[in-house]
Amino acid sequence: MAEAASVPSNNRPYADLPPISAALFEAKARKGLTFDEIAKAIGKDEIWLAAAFYGQAKFSSEELVKLAEVLDIPTASVQNELGAHWWPNRGGLGPMPPTDPVIYRLYESVLVYGHAIKAVIHEKFGDGIMSMIDCKVNVTKKPDPKGDRVVLTFDGKFLPYAKW
Amino acid sequence: MAEAASVPSNNRPYADLPPISAALFEAKARKGLTFDEIAKAIGKDEIWLAAAFYGQAKFSSEELVKLAEVLDIPTASVQNELGAHWWPNRGGLGPMPPTDPVIYRLYESVLVYGHAIKAVIHEKFGDGIMSMIDCKVNVTKKPDPKGDRVVLTFDGKFLPYAKW
Amino acid sequence: MAEAASVPSNNRPYADLPPISAALFEAKARKGLTFDEIAKAIGKDEIWLAAAFYGQAKFSSEELVKLAEVLDIPTASVQNELGAHWWPNRGGLGPMPPTDPVIYRLYESVLVYGHAIKAVIHEKFGDGIMSMIDCKVNVTKKPDPKGDRVVLTFDGKFLPYAKW
Amino acid sequence: MAEAASVPSNNRPYADLPPISAALFEAKARKGLTFDEIAKAIGKDEIWLAAAFYGQAKFSSEELVKLAEVLDIPTASVQNELGAHWWPNRGGLGPMPPTDPVIYRLYESVLVYGHAIKAVIHEKFGDGIMSMIDCKVNVTKKPDPKGDRVVLTFDGKFLPYAKW
Amino acid sequence: MAEAASVPSNNRPYADLPPISAALFEAKARKGLTFDEIAKAIGKDEIWLAAAFYGQAKFSSEELVKLAEVLDIPTASVQNELGAHWWPNRGGLGPMPPTDPVIYRLYESVLVYGHAIKAVIHEKFGDGIMSMIDCKVNVTKKPDPKGDRVVLTFDGKFLPYAKW
Amino acid sequence: MAEAASVPSNNRPYADLPPISAALFEAKARKGLTFDEIAKAIGKDEIWLAAAFYGQAKFSSEELVKLAEVLDIPTASVQNELGAHWWPNRGGLGPMPPTDPVIYRLYESVLVYGHAIKAVIHEKFGDGIMSMIDCKVNVTKKPDPKGDRVVLTFDGKFLPYAKW
Amino acid sequence: MAEAASVPSNNRPYADLPPISAALFEAKARKGLTFDEIAKAIGKDEIWLAAAFYGQAKFSSEELVKLAEVLDIPTASVQNELGAHWWPNRGGLGPMPPTDPVIYRLYESVLVYGHAIKAVIHEKFGDGIMSMIDCKVNVTKKPDPKGDRVVLTFDGKFLPYAKW
Amino acid sequence: MAEAASVPSNNRPYADLPPISAALFEAKARKGLTFDEIAKAIGKDEIWLAAAFYGQAKFSSEELVKLAEVLDIPTASVQNELGAHWWPNRGGLGPMPPTDPVIYRLYESVLVYGHAIKAVIHEKFGDGIMSMIDCKVNVTKKPDPKGDRVVLTFDGKFLPYAKW
Amino acid sequence: MAEAASVPSNNRPYADLPPISAALFEAKARKGLTFDEIAKAIGKDEIWLAAAFYGQAKFSSEELVKLAEVLDIPTASVQNELGAHWWPNRGGLGPMPPTDPVIYRLYESVLVYGHAIKAVIHEKFGDGIMSMIDCKVNVTKKPDPKGDRVVLTFDGKFLPYAKW
Amino acid sequence: MAEAASVPSNNRPYADLPPISAALFEAKARKGLTFDEIAKAIGKDEIWLAAAFYGQAKFSSEELVKLAEVLDIPTASVQNELGAHWWPNRGGLGPMPPTDPVIYRLYESVLVYGHAIKAVIHEKFGDGIMSMIDCKVNVTKKPDPKGDRVVLTFDGKFLPYAKW
């Protein structure tokens, strides 16, 4: 647990987030908590929680109360900034194409496998899409003697195209 | 099984692929085969096979022979166009941001969940990336009474950043 | 009814569509039919039909048969090009921002009213989106002595954001 | 009704709006009013009102007086910032293509249905456009057992192209 | 009058126009006619006529007949390509920003004088725009001993912004 | 005449202008003067004056003195910021393509009529351009029972291309 | 003198030029002539002549006759393609930023020295520009024992900004 | 000599330069010195000096001492900001394509004459480039009764391409 | 060793880095240390160290302690800003294409030699890539009487493409 | 050695190269030669040779003769297309940012290590650049039990910035 921790709030992506976001990240670092630990405390998954830290999801009022508690920050300030009146302005956290290699590799998956994924979805489901709204995202660590592996899963509802 | 089938070879993405690619797609349609059926015939996964159809992966010489056989097209023509001398020029099949809604949703996953995925990878693995080279991609259909779901999985090796 | 009609198939958007698309447009012109008349003949709405002409929707096999009939073109050729093996590669028909004033005005509606629409959707429905997949689009003419009006309606399912 | 509420005024879109805009949004949140309630109080529609909050429309002097009253903020400050000398600098509130999924879906409607809408407008009205200046925009909620629907309507004057 | 004349139909802007457009330009050159002479023959202004040559305006059926006559080309071919079924797909003839110095100077007028023009329009007319649909464009030559001057005039209807 | 007036100096275009520019706009609002009234006071045209307010033209020393006088602001401050050492850094006040509908319509005139204007200039003047440096710009109001019209005129010197 | 010579007419920049341009370049290669030799034969400078070969300048009728003669190609074909009816569509020959290192260095001169050149022009001439229309461009070789030097000169008329 | 002078240090290009740069420009204005006068005082050419003011060149330690002296500003502050540890981050001072007409004309020279210059360099020197690193840039005023001319010269070393 | 040194922390790339980065660069300048000297003090290579200064690599806790020591800055402040909770957000330090000539030349190596490097890697290693994650970068000075040479080496692991 | 081999000459990068380039690649495949073997036959390095195949370097007349010989293709056709009159139009072979993962990793090296490389070059050499013109590029295979490594070396002349 760090005694003090700051994030570069004048840098991206923090500069593009509500000021309270920097406070959330700093409290997380000071408390020495993982996303998973915080997520469990408020009854959510770690990826969803991390997305919410980055302003990409909306906490309910109850979740904000629990969040303030687990992070030891005033409830009022999270309610004031991320309360019922706040809505995520999703995306827009960094450049596209991404310059960070971790995020770029995700982008590259669209470049290289996008058409294949589309073709197989059509073949298996018909004309429609995998929803990115009704979609759960998950990252797990798969130990492997040749080098651990990241297993990233998207579980999204199939939406058939309307015809009218 | 269609008696005849053509793909718009002067349109994207076909226009950006070797001419043999259109022939592969047309043979697949004429034979009424799924990617999975062709993939099984040459001992590969359907997503890898579909990627190879879109010029995003390289068939071995043995795979080309089996491919020609299962699709009933002359071996010589696939060897001539996609043989040992041919190397994938990956990516570049369509615009970025994608305009097709299926592919755009994948792109949107990077916009919305990219930072969360990166943060959790760092927390679980340290400073490094999920490889998109040593990575297997999979699409499965998960039946659900509220609407079937697409489960899309990336299983990629974690690569720690070199320090020297 | 024109005796002959051609569309500039080497120009956008025709050049970005399957070759059969030009044939559909030319047959429509030769037959002197409106989108509405063709749509009625195959049991669809005119906007959906027009979208399908522009390669933005997928005809079923039955619809292709009726289409060929109403347009007096060989069924085989539409089946060959737009049959079960063909999937729309949506979007990508023209530049964005659009240069054509009709389409630009739609784009401008996003620029000027996008945030207001988003804010009111959130207020009325909560955190989620209006689906553009399960969405019906409609254009009607509203006579007005000061100048007729175009009434353009999108009727799309609200999709709440998944939380997990 | 929140006791306090803030919006991230150093973030987009607030950072691109006159400083008074953040005050309007915060007062709305503190008063617990909907766009519709505020709109009714000044005799306007909710979408127009929301657009004006986002700097996309111009309040008349009388509307500013009523707005200050319903929101309990000093008339002088709204007059000082949004008075007769202020003109909307429309558009430019966020990136294009939009990264927020709500707004992106509107953008996608242009990608997918733009040409169809243009073609049907031409067929029904002739050579011209749907005005986005003399246009009213409306969002309503249509209850549906399979999931409520958003009905978004644009009612714009048809403008025939000048010939001279 | 040239005996033969060709335009580079595989180059922009001709490559982005219906094939008949190249024929119109070549006939004009062969006949040695100015835009003004052709325009007069069909009862239009030279700028409108030139715009129509560049696919930016729609000839009526009567105008096509007269056009074919004055240019000595078959009526059928202009009717076939530019008849009732053809609608202008405006804009998109060249890169933006323009690279050609003549067109770039027009673009530069927007860069340098755009805000001033907007401010004066607001001051003189209120909140609204100058229509580019109900607008007539004119180019005249003003002799001047220090060098002749180009007088370019846009005469467009003022459209006040709708409030609702 | 407003008692107080402010412009959003942290917003575009003000944020891209010298700080004194905001003071000029605010003084103009407080004094209740039009561009035309200020222009007359310093012996210039209103469009030129408005352009200078937007940092697109250079006041002479005498003009700065008169400007300070008519706006009731200290001469020293305009001389300090816009004096002999200041040179316009023209353009760059907003995005291109413009998002504001007023300015976009000017941009659209280049898209739609640019080639026609170029072609007629060549036909009337030969190979060269209309100067946007030695060019006077003018906006007038033309009353019309069907709706007043904006008449926008560019009067620019023709410059023949050098040959050497 | 080569017996045969071809240029890749399906590649840039040839693909963006009138077909006759490839013929000019090929004739030049076959005849073994330099730009300077051809230029002298038609009474022009080599840079102007090279620009004309690249479609960036307009030959007079007399110059076309001499050009055909010196290159031993039919006068009719140059008249047919580049005659009185042809006007340069300048710029647009390659990507910007340029990818070719020779042209990129010119572009880099604008990046690095553009503001300095502007500042010195203002200091020496006042508010205005160096014309790129009334401008002569010259390249000479300056022998230097440490490596020969390229001397590139632009001699352009100063144009003072209009005030009105 | 102005008693006070400021430059808009929150505007481009000043905002993209070290803070000391604004101080240099303001001191130059207060002292009433030209670039040439300052350049002579430190033994350099005026274009090089102006480039250095714009952060595009590196002063030696001795030059900084002389510069502080001629501009009457503390040596310590220029050493502190532009001393041995400071290296130019060249380019990036403004948008590309440039919006300012003076700088745009330079950019236009690349568009219009870039290929001609490249072709003549190749013809006179072989396969290689004109260095923009070992290059001297010069602006002189050439009086002309029809209007003074700007003569802009680049004198750069020819660098042949390595072959290995 | 400078007594004082500052870097333009409101300029790129410093403005895009954590605030502590400016402090690191300033301490390095004050202490008069090279990257190599600092790198040796913490047991790393100079290029890796320089990359870490630019926020492109992650210091371990031990390295931060040594870094603070060698630079004479408080350990707490580097731990607070660059400690365990901080992860590099790589890339994004400047525009692409780069405008700085040093960095542009690296970019140009990709433009000119990228395909050749890819082709030779494929020929020597098969279908795969050179890792930029498991890669060491080195810059050395090779004295040469005709001018010293920069030898830049990338030593990266070959990663074969997964097939599955 | 393949009996027949073709490359997709209508795809990038072949479509952007002279037609002879496809013939060179096909002959290389038919003869079963590596770049290294061909390079040795004409006395050059394999990377240079590969670059020349991709149109990024210029063969001398003698090299063309040897090339034709080793590839068993007519000397006349390479002389006709790539002879003395042909000059490389470097760069422009594919999109930037690159979409192919091999080439993207090179691009990523600029993103991640560009500033570090620049800083160390300045520290070791002073103000200047590493030439990409007088630069030799080399790829070697370094066997490694944990996976072979690609060693990519750039050996470029340091060019100090001119001061004048």
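Each chain carries a letter (A, B, C, D, E, F, G, H, I and J) given by its place in the written order, and its residues are counted from 1.
Heads up, the rule we're going with is that a contact is a pair of C-beta atoms (placed from the backbone, for glycine too) under 8 Å apart; a residue touches a chain by one contact, two chains touch by 3 or more.
Computed from a prediction, not measured in an experiment: that's the story for all the values here.
Shared contact partners of subunit E and subunit F, listed by label, are C, D, G, H.
Counting every residue number used by either copy at the subunit G-subunit J contact, under half are found in both chains. Seen from the Cα centre of subunit E, the chain whose own Cα centre is farthest off is I.
In this assembly, the C-alpha centroid of subunit B lies 28 Å from the C-alpha centroid of subunit C.
Here the spacing of subunit A and subunit B, counted between their Cα centres, is 26 Å.
Subunit B and subunit H have CA centres that are 51 Å apart. Across the assembly, subunit F contributes 13, 48, 88, 90-92, 94, 97-101, 104, 108, 111-112, 118-119, 122, 128-129, 131-133, 135, 159 as residues in contact with two or more other chains.
Taken pair by pair, the chains that touch are A-B, A-C, A-D, A-I, A-J, B-C, B-D, B-I, B-J, C-D, C-E, C-F, D-E, D-F, E-F, E-G, E-H, F-G, F-H, G-H, G-I, G-J, H-I, H-J, I-J.
The touching residues of subunit E, counted against subunit H in their complex, run 97, 99, 101, 104, 108, 111-112. Against subunit G, the residues of subunit E that register as touching in their complex are 2, 4-8, 10-13, 25, 28-29, 94-95, 98-101, 104. Contact residues on subunit B toward subunit A in their complex (touch as defined above): 13, 34-36, 46-48, 50-51, 53-54, 56, 90-94, 96-98, 100-103, 105-125, 128-132, 135, 137, 139, 141-142, 144, 146-159.
If you check the complex, the residues on subunit C that touch subunit B are 15-19, 76, 79-81, 83-86, 88-92, 96, 132-133. Residue ranges of subunit I in contact with subunit B, taken from their complex: 44-45, 48, 57-58, 87-88, 118-119, 122, 127-129, 131, 133-136, 159-164.
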